[in-house]
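You will see two complexes here that share subunit A, one where it goes with subunit B and one where it goes with subunit C.
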Partner chain A sequence: MNARSIVIVLALVITACSTQGTPSGGAAATDQGSGFVFASTQFTPTTEQEAMRTKILAGYKGAPVDFITDAEGVILDRITAEAKAGGAGKVGLIGLENGQFGSLISGLQDLGSTMDKYKGIPADFVGLGKLGTATQYYVPWMQATYFLAVNKKALPYLPSGADVNALTYDQLITWGKNITDKTGKRMIGLPAGNNSLLHRLLQGYFYPSYTGGLVTTYKSADAETMWGAIKELWKYTNPQSTTYAFMQEPLQSEEVWIGFDHAARLINVLKAKPDDFVAVPAPAGPKGRYFMTVLVGLAIPKTTANQAGAAALIDYLLQPSTQIATLRENSFFPVVKVDIPGDLNPGLKLEADAVAKQAGAKDAKPVPLPVGLGAKGGDLNKAMVDTFQRIVVKGEDIRTVLNEQAALVQKAITDAGATCWGPDGSSTGPCQVK
Partner chain B sequence: MTTGRMSVRWRDDALPLALLGPAVLYLLLLIVLPMVQALVLAFQGDDGTFTLEHLRRMTGDVAFRDAIRNTLVLLILIVPAQIVLALVMALLVHSRIRGHEWFLYVYAIPLAISDLAAGILWLSVFTQNGYLNTVLQALGIIKEPIVYLSYENIAMVIGAIVIAESWRATALVLVILVAGLQLIPRDYFEAADLFGASRLRRTVHVVIPLLRPSLQSALIIRTIFAFTTFAAVFALAGRNLPVVAGEAYNWSVVARDPHVAAAYALVLLALAGAMTMVYLRVLGTSETQRAR
Partner chain C sequence: MRLPYAVDRALVYAVALLLAAWVLVPLYFIGLAAFSTPDAAYSYPKALLPVAPSAETMRFFLDSRGVVSSIVNSFAVALLTIVIALLLGAPAGYALARFAFRGRDAFAVLVLTTKMFPIAILSIPLAVTFLQLGLYDSIVGVALVHSAMALPFVILVTSGVFVAVSHELEEAAQTLGCSRWTAFLRVALPLALPGLAAAAIFTFVISWNEAFASTILTLRSRTLPALVLTALDQSPITFKFAGGFVMAAPAIAFIFLMRRYLLNLWGGR
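Up next is the complex of A and B:
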């Protein structure tokens, strides 16, 4: 856990107490219906919250909107509580990651009839919004991904023949080894602390790139090879990694030179030192260059007090100008067709280039966030992070740990009744570990 | 008996009850009710029947043993150190040496800081490129920064947490002890002086025995707080050092399983309850002693 994310937690406690009755949307000239709450798990850092309230939402002229954001658990609890209480709730619009909608399905409206309005959203994204059903539960809002941020000081140590824009995991390991051999320091950084997104790196990057799957291949021979490789990588990884939540701080203080994390958790260092850093695609494994597309969507709860207001806010957030404002202020990328402006912040430009290179690589294979797990998503994440903790940090036997943890992975999947998704292909019943 | 008398008697009986009412209501609503709910959560399956499944998940979890061990280790390291420190500080405050009135204010400053903020503050001291390494490097004592918060050196991580926690919460104990010191009648000190007792003898034979009730309260409060130590550990150790309160948080907020979180909360309750009993037995100040 790093300082910044704790500050965020603190700030959240304060804002949670003070957001009541401070509408952040533009003042309505005419009566636009009652004000409502826009609850989201995104934009939790205070600066992003501020940008959302004062800049991104500034042009919205509908009913007063109170934007609140918090950790997934807190937001989901609030929405679920309102749904249970019945009647008209305060929350009028919800903005969550694809994987976070699962437990809310029964309380969400069908937005299918509105989808025609939004042009240029990729069909894959629209499909994800159905959450494995025939109903359009959410409208895609914005997207992000993970990649490597690299301090230029690390470039001289690149293994010979390696292209920094098309690395393999083996080359990344050799790169780390070269740096350690020559400088005596471990300069690779992985976010492996509390509140980190390590589980996403395992689910969307390491596992599919090495095994071509996630659940089905959880304890396969390929998985054994992969954990061996991660252990090797760990030798050249800063041992403080188990305290890192966001990679941007250790990159900025030069505790590490190479950091692997979510775009929004790297942007500050890229904005602060665009000349000192490069952003490059995630490495490729034996099965390809798998990367995770984080899709964030908008949904309207059935308990909303202002139906028209919530729909109008979705319209506003999907306008190209708002999508670009969202990119500029909070570094999430558009889902509708927009022309990326030329005067983008240099740090954002680095990110935009890395995202384009990653998606455009010839061995690129996108993976969605886990689908259909709902509330059991936490169990899957925990099972994966515990596997990492046991094998990599504590040095337990790979085969034993995989057999034991695979049972927990299977339990989470079976309890949720989730069919296979993404790299695992499809299945009729719950996805099975083989 | 006349009706007048009866109503007076009734009022005499009712007054204490009425005065107790708000406190009892508060305890019932905010302490007893959640405790019962936690108990139900920990033992109730999805279908509403009794189950030990959640307890099994807790005890079978990777972090369970470590969490219990770490919590106890922190307790053993933090509580005695703080009690001794606080006692010395309290005696200093009470000693009326020059500037003594300032000590209390200075010592109490960390009390005003939230434990999470204190954790962040100490993180900025102990992190690899933090204040401590920067100062040591500037003084030429070390050449390369030392990694204090590494999973490879848990002793150092624990040391950092003990320092952070001592800095933050010693003042809590101090305030209780200072209040206790002020309750001791001056006559005892004068009597000791009259018999020519040295300052040390006076402290050992007069002050500390008379301070026992305060020490007991301080120990109980501090121990319960040590069981729930969480924010400083969260900030300084990340995933390196699971503690019981932190696991309850992780299960509730990250893994979103309130049942296992409630099971962890019960473990905390049991541990804190057991320790409180031990203190009450060992340091037991009976009513008769207090009356004396």
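Up next is the complex of A and C:
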């Protein structure tokens, strides 16, 4: 190939390729206005994206929708840019976690008048959708939580008197010790790798269960006790945990027997081997069985060209049949009242039971995701994961690390101007680390 | 001491094989896992040979919406970037190499300062500007940003190339009836071609690997890295391997295509 033919080929390729991707997804458009983008921080894994486009949205008959997912920063930047640029934006609907809406408030439509249509959404979820104001900025869409997936091979090593469905953290540690003593292996797994959700386990499980708070008790004496317990747990935790992002993979390869993670990050192994596994509620600490409820909501930016189309898509996503499809395909649980079908996949059934047992436990106390941190949420998460790294992985002195990291936690919260939330109660100014 | 010819050759080949293995062994494992069943990819220890070949993961990945069109977009953006960056960068490099002008050294340094500016800070203003200009979500818009990123390298590489092309040859061509322009076109440019090919490969790799600007500036017309980077981060490992394979393979193919021009540069046989 000589130089000239290369140039010609380049020119042809560029001309041929300079077209925009065409919107698809959903079914053929009826008269519902122009197509729009549904941007979300959820369903980023390839398989979940495809399930969303080809199955969950399959029954939607409105305007053509392009479902696009990306990391939180990218999605928020893009929506902010559309709001600043003015004119008609391409993004018609956004689906974010409760804590991710904060910085977008001024660009979101009031959805208050539509809430009557959606039956059975718990009142505290509806309240979260107001983001601490009187305006309904988002409509709750779906929910998830975290719990333990346990290989049945681990059950014979349960400490005597322990009920696997009502464990305490102390029993979990003893359980891990029993396994290590008998098999020589460390078979507990924590998601402590890159892109893991370890910070959520600290924020919604360990901290409140041991200290009754998070920010206000960050460096308390109870927190010292908690970190001591996590260090003890780590002795029986597979050291490869620092590479795990999703616990379903090491559970499937039997590198670990007991894994603590987000429902969507356990589902593949439960679906693949439902007979070999049980799913059980998170353990309880001295202050109770705290667990985190992940609430994902839907909001419409003011800049969208097709308000009616976006509202119609919300209607569709909140229909009981769509909510069940979302559970079946991507393992997020319904927010509206639905009858869970009897023919549910056995893996999903395990999860649904664990979720019900966890929420229904006598000592159960739900915690939301951090509220009001907006873009500073990442700083808070990093400060907490770094605390874990320094104390548990590197073995630094607990008191020293807590004092140093507490300053970073405080900075993230003060920078965001976030008041106390969840287990910390409420405050007038930024929540104060104690 | 002089080594016998056979030993000398054997050593050269051994080093060459080692270097090739350095690059090819990881690619082999990526390819192997991309074309295996998920169970085989999860198993441990890993098999060294394809024990459970399957195109299932790969097919699902390539059938996912937007993957094929994003590969096409990635190529289009990369090629457009090469054209823009060379059209702007090569003359600038030529000027730096041939002409003495006031502020020449300052210009050479100034070109590099663009690399000092982190693009992450620019994300929202850039997206707002592109939205207002109507360049948002278009291949041309992404290619423009990639060109801006590649230009410093292109200018510095091409100026080095043109310095190496003897000025006397161009002057000789001018005494034989060429204009300044035709002398450049017929004498300097062909001699500089290997260097320009190197600049083109460099530009291609910069554009092909770039994810941040493409992610911020596109919604539907995404390039491959923009489409898959976040998704693969959170996907099962079989998809990571499939995505890695699709990311690596075209770039390798492109470099093979351009390889002959590089060999010219290094005095290939």
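Operating definition for what follows: the second predicted complex is superposed on the first by the 404 of 434 C-alpha atoms of A that agree within 3 Å, B and C clash if a C-alpha of one lies under 4 Å from a C-alpha of the other, contacts with A are read in each partner's own complex, and residues count from 1 in each chain.
To be clear about the criterion, a residue touches a chain if its C-beta (ideal position, glycine included) is under 8 Å from a C-beta of that chain, and two chains touch if they have at least 3 such contacts.
Predicted, not measured: the structure shown is a model, and the values here were computed from it.
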Exercise. When the two structures are overlaid on chain A, which partner does A:V37 contact: first (subunit B), second (subunit C), both, or neither?
Worked result: second
For this session: Based on the superposed arrangement, let me know which partner A:S253 touches: subunit B (first), subunit C (second), both, or neither?
Result: both
Problem set entry | Touched partner set for A:A407, first subunit B, second subunit C, both or neither | neither
For this session: Based on the superposed arrangement, let me know which partner A:A85 touches: subunit B (first), subunit C (second), both, or neither?
Result: second
Exercise. Between subunit B (first) and subunit C (second), which, if any, makes contact with A:T47: first, second, both or neither?
Worked result: second
Exercise. Is A:T69 touching the first partner subunit B, the second partner subunit C, both, or neither of them?
Worked result: second
For this session: Could you say whether A:T243 touches subunit B, subunit C, both of them, or neither, answering first, second, both or neither?
Result: first
Problem set entry | First, second, both or neither for A:N268, with subunit B first and subunit C second | second
Problem set entry | Contacts of A:K382 with subunit B and subunit C, given as first, second, both or neither | first
Problem set entry | Contact residues of subunit A, present in both the subunit B and the subunit C interface | 1, 3, 10, 71, 74, 195, 245, 253, 255
For this session: Show which residues of subunit A lie in contact with subunit C when the two form their complex.
Result: 1, 3, 10, 13-14, 17-18, 20-25, 37, 39, 44-47, 49-50, 53-54, 66, 68-71, 74, 77-78, 80-82, 84-87, 90-91, 195, 245-246, 249, 252-253, 255, 268
Problem set entry | In the complex with subunit A, residue positions of subunit C that touch it | 42-44, 60-61, 64-66, 69-70, 72-73, 75-76, 79-80, 82-83, 123-124, 127-128, 131-132, 137-140, 193, 215-216, 219-222, 228, 230-237, 239, 243, 257
Seminar exercise, completed: In the complex, the residues of subunit A that touch subunit B are 1-3, 6-7, 9-10, 71-74, 76, 184-185, 192-195, 238-240, 242-245, 250, 253-255, 375, 377-379, 381-382, 386, 389-390, 393
Seminar exercise, completed: subunit B contacts subunit A in the complex at 61-63, 114, 116-117, 119-120, 123-124, 127-129, 144, 147, 149-152, 234-240, 250, 252-257
